[in-house]
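Same chain, two partners: chain A is paired with chain B first, then with chain C.
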Partner chain A sequence: MSLGPLAAVVSQIAPLVDPSALLATGGTVDGLQTAARVLAEGIGKGAVYFTIAVGLTLVFGLMGVLNFAHGAIAMVGAYLGGLVLVLVVGANTGTLATILVFFVALALVFAVTTAAGSAMEVALIRPIYDRTPTYQILLTFGVSLIIEEFARIVLTLRGIQPNPQWQAPMATAPDVLLGRTELLGIGVRRLYLFEIAIGALVAVAVWAFLTKTLYGLYIRAGSEDTEMVQALGIDVRQAFTVVFGVGTGLAAVGGVLLMWDPIWGPSVLLSVDVLLYAFVVVIIGGLGSFTGTLVAAGIVGIADSVTTWLFTTGIVTFPGLSEVTIFLLLVVMLIIRPQGLYGVEEVGGH
Partner chain B sequence: MDETDAPVDESDPIPPSTATGGLREYLRDHAVHAAVIFGFLLYPLAYEALLATPAAPFAEAFLPAVTFMIVVLYMGLFAMSFDFVSGYTGYLSFGHAAFFGTGAYFVVLAANGQVPGVPGGTPFMITLLLGAVVAGLLALVIGSVSFRLTGVYFAMITLGFAQVIYELIRSWGYVSTNPTEGATVSGDALAIGVPYVDALSLDVGRLTGESVENLLGLGVDLSATVVSYYALGIVVVVCYFAMQRIIHSPFGRVMIAIRENEERARAVGYPTYRFKLAAFAVSGFFGAIAGGIFAAYSRSVAPDGTFYFLVTADALITTIIGGFGTLAGPIYGTLFTQGLEDVLSTESGGVATLLRERLPESVLQADLFGISLELFVNTAVDGRAPLYLGIVFVLFVLFVPNGILGTLRDRLGGTVGKRLPDHLRRYFR
Partner chain C sequence: MTALELDGVHTYYGESHILQGLSLSVDAGEIVALVGRNGVGKTTTLRTALGLTPPREGTVRFGGTDVTGMEPHEIAARGMGWVPEERRVFSHLTVEENLRVAAHSAADPDARTAESYELFPALDRFADKEAGDLSGGQQQMLAIARGMVGDNDLLLVDEPSEGLAPQIVEDVVEALRAASADTTMVLVEQNFRLAMDLADRFYLVDHGVVVEEGETAGVTSDDERIRRYLTA
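Take a look at the complex of A and B:
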């Protein structure tokens, strides 16, 4: 038995952590400022994670359907939003006007995809509610395949590379968002502030939808006990259609938000990426829980920014650190508390 | 249900044969297996014979080339291993790619002498088995925490494990200098057969494989690709019968009991947790064998083609199309999807090539909503298998939820192997 390769394996792992780099980052004042900056970036990332995940949890909460097409719809949202901006925003468009167009795009994309999602629910998902949850997963996954390939075809016909990112809409981001702003003594990227603002807006809108509207009432009741809701004479089928539509629309809103973010940007690969990250957030928060999704998005965002910081400063030299950490969070949460932080036990089981 | 236990259905127009024991019944039961294997054996020869006839352009366009049939073999085996645990115990293993990847990477790293304790130059058959055992152990580890969960949560935790391993492998510099691109076998061709006996083993690989000239004096030449196809085929057939044996054993009955009603199985006294764990380990073992033969044939592995979520998704799609919980179904599902892939790609003369060559220039340049027909064919037909596959998949989920083989079994009233001879006998009496 040769131990040569074993030593090689060990020597590969050992230099991944470099404590001297940590000491090199400086004294306490610097350290505090760095911590505040990392925290702010974490909240910014968390706002993005929240926006892409909240629709998934809404749909699951009421209907028990894990929508595998969620990522594909976010991808479509990113492209549709990008299309609006590319068409409207020119070189002379001012900052305020551009941001206004962004909100118009957000509203337009939400309206279109909500309608499309409702139609999809009626046409495809309604016929298979009586089957095991596996078939709803399979069906929505098939839909995501179709959407993704269709997007590739349309993009290729229009002469746009499906992957990497479509640069044109990313270039419409106003210069103001690219810089940093001094806030309590730390430089925070304005894009993160913008994302936090949008995330907060979405959170408030969804919260209002859940607590102030009739359908919100159905969702909250339905995620506790669907049968009881039906027994009280509520047309659950209609509620399902509305909620699936809204969930789809929220996925697309998440996509529009990703459009200006240089880490994401409109590309067909968003389809799988958004889906996987949305799963992580939704599971950690507890399937079907709004509060849980909010908290979990913050946790995942901060974990992401901390690990990214660890890598960029050279303290940890393993390049996949932040991805590994995020998926480990998912696994660990499922081991110690399968129902998630705020989830209801029994939901999502057999 | 076993034939002997089956209640006699008086209304069944074709009662099951009552013959018991003996070689005759054994052969009768396996007649369909033999026919299928014979078909797979004959296919490359028939395909090449067809290419010599005037029908060649159509055969090239509509029949899968041997390179695609090789994919059918290893992806079919992988899908079978997925079906073994997911279709029979009802636990959706969404991280199954972890086992495929483990088998593939183990084989490649072992061939390059990078696995501690396995010297470089160890015969492929041994590293293949070792890799499969490692994957089986990995399945025990993953399963020991995952099987405490059910339903969506089980699917998610296995997916989580697979993604963690995927991200680790993608960034682990030990694998190669550029781990995102994967690793390549640098040495000689890997051989399937009896280890250390050169005469009884076949080198595989599209370029590195053995080719046979004038087979047994019959005047038939076999290319390296065709030899690889047969070599991989042997492994797949052995694995299929091993899994089929397990499914038909008392152990397999408990797996089905867990799928149908786990609480009852537990109440009857079966330690279901251990049964699920064992089934998962077996499934991981065979999933790694599939990954291993894939690595031996392609001689290079990449994280995106082995450990990624979409590899599991491929197995899932083919399993649903072929028949969930039928074991043999996934290979027909893979045959279907790879056939579609071949028809729609230009790698071996698909339908796009046929259209471009056969259609007159004026038709190709015809205007279709602002784009020429040729451009439409190039973008909407060529290499667009996933789109049509997605549509077919959704239609299957909606209208044929039992898949090809499952529906066939429902029609025949039992497994094809047992019931088809009885049905055929009606016509040949």
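Take a look at the complex of A and C:
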């Protein structure tokens, strides 16, 4: 076998890797501390990815609908949350009051988008359940484009550039969330700790809803076999409306969480960026699996964090390393385990 | 009183015409068996009664009410239970959760669940175990218990002995007998002897219509009128 093509690839990649940068890093920073910091930041990113992806996986699990408008809804959440903060928080607003406003924004955005999502399910998705998935994909993709264009029009009318990020909400972030804090000797960004806390809250709330309520029980049963659930006297279509609404609301909550994030922040481009990461997480975790989404979000978050560190320290000079790595993870998963880490075999159809 | 009545029912899967004017009637309190070869429309008859595969023509009455065209959950909520072919328990839910999903329509879900455990003690032992980890016989018990736990007046039971060892089949038969004490039952069963043992009456189905019917007492698969429809 000729090694010619492989050698060509290696020769292309080699200039992008700088081993001396790695040695320099190891010489100036304690290796274990750096690893712990990168790990903590990865978990922070994972918390954000989980918050965004969990709604997508809930909707697919019960309804079999791949909602391509999920990212657009997260983008709307980021703008709506930002709007509340910008309108309410002023220069004299204290840290505690700002965080309180953040939670009020979170609740408001969740309520509004959950209601909008439920209405969308009844008006648009319900009439096409009996058709092939292609219809649902085209419809939700169309809704996504409409939301994006509508956002562009509204933002332009308000004198806000749709891209890049809207900076005004970022300026409302309280000082307590800026900078780093020492945690067991590791300097971790406070914003990541905040995102981990919110992600954990969302995870506990969704877990409690799924395992401690009768409605959650119906949803878990329906994720396995919707026809059987109907045959037990449960109105599955009503459950579809509730779950699509909650899934939409969770997407928007993820958007609110991104509002203060310097990497993401409110912008119309967020719609596509977030959707891609959410799809990667739910496919690696297993479509419809809550646990899978949690684990996959952690894996993707840590992979993102490690590759970002490799780039920022100059060890690898290829700027798209993070995206390439995450999509490579997706490809490898699809090859070795197409149903994902915790994917279940579908029974009874949707 | 008539519990279930199908009158001139025509049911299709796509363009395949499965039930071709099938009619039958089940009185309250009796066990009625549907027998016949594979693919003649027995399972489709149960699915049609429950609204899972609605008929294009004909009428389905349940407890005297015309339920034709109603959604399956509406018919089920009126007291029609289903024990499907291949059990279809929720494999990632525990035994307890499988019963709780079904018990929602009962007047007292906790009491009904407790009664299920009394009737099927094996299930009580595995209450916290995922249904997917149970043996085939235990899953069948769970499927029957799940069908009964919702205070149902009528139970549609599809191939309860399929794939089970003979000793387990005996346990399942006992469970069905216990269930029939306060529930009307329509039973689809390939095992002709078992069906005749359990049921009060039978309908012999062929090519989507009823070709023979009568009391089960004294009927064997050697009867000429039965044999020619059961052999390929």
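As a convention for this text, the second predicted complex is superposed on the first by the 330 of 350 C-alpha atoms of A that agree within 3 Å, B and C clash if a C-alpha of one lies under 4 Å from a C-alpha of the other, contacts with A are read in each partner's own complex, and residues count from 1 in each chain.
Following the convention adopted for this analysis, contacts are C-beta pairs under 8 Å (C-beta built on N, C-alpha and C of every residue); 3 or more make two chains touch, one makes a residue touch a chain.
Note that the coordinates shown come from a computational prediction; the quantities given were computed from them, not determined experimentally.
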Partner chain(s) touched by A:121 [first = chain B, second = chain C, both, neither]:
neither
If we overlay the two complexes on their shared chain A, which of chain B and chain C does A:261 touch? Say first, second, both or neither.
neither
Is A:327 touching anything from chain B or chain C once the two structures are fitted on A? First, second, both or neither.
first
Is A:41 touching the first partner chain B, the second partner chain C, both, or neither of them?
neither
According to the stated criteria, A:157 is in contact with first (chain B), second (chain C), both, or neither; which is it?
first
For A:304, is the partner it touches chain B (first), chain C (second), both, or none of the two (neither)?
neither
If you tally the residues of chain A touched by each partner, is the higher count for chain B or for chain C?
B
Touching A:221, do we find chain B (first), chain C (second), both, or neither?
second
What is the shared patch of chain A, the residues that chain B and chain C both contact?
348
Tell me, which parts of chain A touch chain C in their complex?
214, 217-218, 220-221, 224-225, 227-236, 344, 347-348
As the complex stands, chain B meets chain A at residues 92, 113-117, 119, 145, 148-153, 155-157, 159-161, 163-164, 167-168, 170-174, 309-310, 313, 316-317, 320, 371, 375-376, 379-380, 384, 386-387, 389-391, 393-394, 397-398, 401
The residues of chain C that touch chain A in their complex are 50, 52, 71-73, 76-77, 82, 84, 88, 90-93, 97-98, 100-102, 104-105, 146, 150
Note: in the complex, chain A contacts chain B through residues 1-3, 5-6, 8-9, 12, 66, 124, 127-128, 131, 133-135, 137-139, 141-146, 148-150, 153, 156-157, 272, 276, 279-280, 283, 287, 318-321, 323-324, 327-328, 330-331, 334-335, 338, 348-350
